[in-house]
Amino acid sequence: MKRILIINPNSSAGMTRAIQDFAKVFVGNRAEVVTALTDGAPEFIETSADESQAMAGMVRLIKDNQEDYDGFVIACHSDPNLDLMKELSLKPVVGIGEASMRSACLIGDRFTVLSATLGSIPNKKTLVSKYNLLDQLSSVRALGTLCAKQTQLDLCEKVSRDAIEQDLAEVIVLGCANLVGMSFELQDRLGIPVVDGIASALSILLGLLDQGLSISKIRRYRSHA
Amino acid sequence: MKRILIINPNSSAGMTRAIQDFAKVFVGNRAEVVTALTDGAPEFIETSADESQAMAGMVRLIKDNQEDYDGFVIACHSDPNLDLMKELSLKPVVGIGEASMRSACLIGDRFTVLSATLGSIPNKKTLVSKYNLLDQLSSVRALGTLCAKQTQLDLCEKVSRDAIEQDLAEVIVLGCANLVGMSFELQDRLGIPVVDGIASALSILLGLLDQGLSISKIRRYRSHA
Amino acid sequence: MKRILIINPNSSAGMTRAIQDFAKVFVGNRAEVVTALTDGAPEFIETSADESQAMAGMVRLIKDNQEDYDGFVIACHSDPNLDLMKELSLKPVVGIGEASMRSACLIGDRFTVLSATLGSIPNKKTLVSKYNLLDQLSSVRALGTLCAKQTQLDLCEKVSRDAIEQDLAEVIVLGCANLVGMSFELQDRLGIPVVDGIASALSILLGLLDQGLSISKIRRYRSHA
Amino acid sequence: MKRILIINPNSSAGMTRAIQDFAKVFVGNRAEVVTALTDGAPEFIETSADESQAMAGMVRLIKDNQEDYDGFVIACHSDPNLDLMKELSLKPVVGIGEASMRSACLIGDRFTVLSATLGSIPNKKTLVSKYNLLDQLSSVRALGTLCAKQTQLDLCEKVSRDAIEQDLAEVIVLGCANLVGMSFELQDRLGIPVVDGIASALSILLGLLDQGLSISKIRRYRSHA
Amino acid sequence: MKRILIINPNSSAGMTRAIQDFAKVFVGNRAEVVTALTDGAPEFIETSADESQAMAGMVRLIKDNQEDYDGFVIACHSDPNLDLMKELSLKPVVGIGEASMRSACLIGDRFTVLSATLGSIPNKKTLVSKYNLLDQLSSVRALGTLCAKQTQLDLCEKVSRDAIEQDLAEVIVLGCANLVGMSFELQDRLGIPVVDGIASALSILLGLLDQGLSISKIRRYRSHA
Amino acid sequence: MKRILIINPNSSAGMTRAIQDFAKVFVGNRAEVVTALTDGAPEFIETSADESQAMAGMVRLIKDNQEDYDGFVIACHSDPNLDLMKELSLKPVVGIGEASMRSACLIGDRFTVLSATLGSIPNKKTLVSKYNLLDQLSSVRALGTLCAKQTQLDLCEKVSRDAIEQDLAEVIVLGCANLVGMSFELQDRLGIPVVDGIASALSILLGLLDQGLSISKIRRYRSHA
């Protein structure tokens, strides 16, 4: 049986558990899945400093587990250190930002990313631009803070509706790993596809494994002794 | 059990069988898969006229099978009539051109498409441009005709090696459905990932089904009575 | 005397007559012009399904009239099946969407397209992107429905003024064949150029004929027996 | 009867005569056409300094003739001072560079510009980029110097064939006013469309006049007292 | 000691003095700096006609001073005739538009240009596009006219705050030479970097001189006898 | 007196000394300059893994020296961890890759980067794309290994000449910090500008300090406690 390691680049035990619970159900008997938090990383990743703080732990996780796992998911929507992970790993590595945004392009003309905080917008746009997806981006919208009596789902619905009406979004991308598991209900409310980062990354990774595909090691991501 | 219909947009019984044989093995027990050829379509699809000739049959296939299948693959690498299929279908539809080229982006910086004929190059570039993937395209190369004693695999290897050396390709995309099944051996020879259209489209479609995702019907691809 | 066939891709006799009346006056004694509706096409073209429904009839029109006409205009602003028409035809073919938008670029920095319905906006943007004109597009704006006592001209004026003020439009493009003939009055009201699709396509087609130019048949649009 | 002034931005009497001879035949009885050379301009325009030297004379020509002419053609393929001409003139102004390259896009996927000298290539690419046509440019190729016994037509044919084979050109654009009149023969030899700057600019200008269109004066090109 | 000539492309003695006063203090003892107004130029430069009127005087200034100066600054934010200046000059030439906008890219992700008038916006966007900086442009905003009791600084602050909040600007570029000297105070008020055209052009020019760099004369900007 | 810290992201004492020697002479009495190597970094930086290995040391250098220095140069042409440095630092930070390539754009139309190794090309192109400079890039060329009796300067000259002739390069950018100091001689040989990373970064940094400019801390690069 295939074995997948989900690397949660932050150090939140709670979020790690939520990801693991979702992933286990999602993957079912197609693979064994383990989610690991990153030692030394901050509780939440937003800035380059946060990403850099997570790096050493992420490197260790990928190096120590190369033998034991068939592939890796990087479970933070800003794809921290993803190029490095692709370079170090001999097994396929999929970031949830890249996976969810490329998936969104397949099922609609324009997608909006729901971002946790206003502060993440510039980095998110940089990421979209890096993947050459700006022409299919309708907007990045920050969720901001919950009002009283408002659930996280209510808030996501409200911001999504603004994106649909004002930015002409056709697909919603959950731009933060802590929204994991929310896509199904949100999709029901909105009537348009909602892409979950973890689910899309796992789907793509399982697909790559089925296809016998891994990171190209000939140039950009070649590994060194 | 999920049911997938692979629509082969041409009318070649031989190619239909080859796709079906490969798909059945590839999908295994994850879904039931049926490949249908397109009545009224030409034997091989290269031009807009070929695509148009295939259209009526493809529309019929998708309309007649909406109830019975959970998703569709369009099994020609020029993604003929794909926007129309996405619009007509209430179930997810994946083209092997789009699927294979977006997949290639996830595992390397630049990909080269092996095209069956020199005549397909302009249309292929138009397709790559439509998906906004030009910045990750190293080249489109035509296979041309086999020399004596040369196998199709030999020819693919030769053209791929040129792409790797001269165009700095990091991933090879098999740009024609009749190369189905060749990716594994070619990958072994080349040492870099080779993406098969059918395999990547099936992987993505199965992933979309697992995620409960389908084509966004709110705007670009909304269906009409 | 040169002979031009205007192919109206829909089946509306009224619109066909309106186009013919306008075209006859516009072309004067420079050419003989005939407008034909498309059998089997819908009354109005907005979606890919509409375009596909028009296809067989359009193919027949172009094939049956190759000998008798010197050039063709495709008279629907979404340029349905235009690549196919260019490929099939040995005579020049001009779409009113492409003609009007490329013409607008020659006389101002940014143009706004008036689209019949909100539902046509994503397809229109896809078209603009296909022609690489996004950098000169100020906006696509839907006309929406007439208010009581409002004429179509009033509505076009109102939407155009919004485009001029809010989107910094410098040229207005009439993005629907059923606005034919309205450009002169609208231009008078607005004080900026208003491009009519039919007029611009006829002008360009007559110009191509004068220059002895036709579709390049060497690669992208080569015809097959 | 409409009156057109062709402004030849250089001071070569010979080239002015050649343009006038061609234009008169081309326009026939559709308009009266006069070609004027530019006092104070150099014999040949290649650099920014050449363009600047031509400016005062061009400004005078356009200002002195606004009343007497219905439209202007700027007959140098680098479109010298074209934005200025568009701004100063109340009548439509068409540059042969812009006209020929936008026309080429309508009849093929990719065009190659034949440039007089190697030194004009960077400026030509800058022009193509300014018009956002880089995605349809196959190449700019310099003609270089004639070999013994080689005619200008032979040379154009040779360079065009290289462009067709190596750069996948589908349309040839004559990138210098002194190639005027050569398009018909070259087209016969090559079998693909060859666009002449003067012919395409006259066609577009006559078309604009027929449509009652002129330069938008609301923003980018507004005139001042 | 290095000698720098600042060419003020307009003929305003007042603005010339303001630039000279600022430049002298800014440059200190690193170079001798002289600011010259342009004979025959208008008082303020906004349109292509204004730029053309300034041209002859600018050419004379650069030609007459090539021997005596080590470098030139073109002190108008629309970089009038800059390509010509680069071509004519054997010494480095820096435009304040190009200098300030390229500098802004180094210290933040997105910049907003404060433009003197609404009428300058299209030309400014054309300039940004020419330098390929559109992806880092948050907006161009016109200052408009002062309200009663409002200082120029107040107005700049207000417009900048709108840009920061609504357009997500991270850096402000003073898009008009007559705002010279205002950057320090405005920066203090806003808390984000404010780039002054004159200061940034002088800095870059002094840097080029230190590096022994000048305009490349091999192709695009080669000079002719 | 201003104090500048040059962070050499690798751990080579030799290269650090070479940079310091050059920088000291280049800066003269304008600032005090110190070059520090990075503890824990590899001897040479080419891959993402190399960059990641350098990160902790670089972070320490910038954090420990914020009080004592007025600005920082990151002296590796792949700009490793530059976004992180910009985010962490309250003083201006300039990368030699960004500085040299943006400087090249000011003095010519197209630049070629001389890269140390073939393996650095994909990363370099990614960097160029990140800065939106692809339209001004003529090529990235690897130096490869020295032949017998060939000096490093000879090799640079040879590869530059190929770039000038085949890629139409107008400016050469030294794409590796270990080429420091070579620009003057190479420029003499080639007759076109050669940009040195260290020199251009120091020039830009000194310019930013003169202008009182630093990294915008409002959004993309805001610092956190």
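Here are some notes:
Read from first to last, the chains carry the letters A, B, C, D, E and F; within each, the first residue is number 1.
The rule is simple: a residue touches a chain if its C-beta (ideal position, glycine included) is under 8 Å from a C-beta of that chain, and two chains touch if they have at least 3 such contacts.
If you're wondering where the values come from, they're calculated on a predicted model, not measured in any experiment.
Residue numbering shows that subunit B and subunit C use the same positions for more than half of their mutual interface. Look at the CA centroids: the one farthest from the centroid of subunit D belongs to A.
Mean C-alpha positions place subunit A and subunit D at a centre distance of 52 Å. Mean C-alpha positions place subunit C and subunit E at a centre distance of 43 Å. Multi-chain contact residues of subunit F, defined as those touching 2 or more other chains: 109-110, 121-122, 126, 135, 168, 170, 219-220.
Pairwise chain contacts in this structure: A-B, A-C, A-E, A-F, B-C, B-D, B-F, C-D, C-E, D-E, D-F, E-F. Against subunit B, in their complex, subunit F makes its touches with residues 121-122, 126, 129, 134. On the subunit C side of its complex with subunit E, the touching residues are 109-110, 135, 168, 170.
Across the interface of their complex, subunit C is touched by residues 47-49, 51-52, 55-56, 59, 81, 83-84, 87-88, 119, 121-123, 126, 130, 219-220, 222-224 of subunit B.
Across the complex, subunit D meets subunit C through its residues 26, 92, 94, 98-99, 102-103, 105-110, 131-133, 135-136, 164, 168, 170-171, 183-184, 187, 191-193, 195-196, 199-200, 203-204, 206-208, 210-221.
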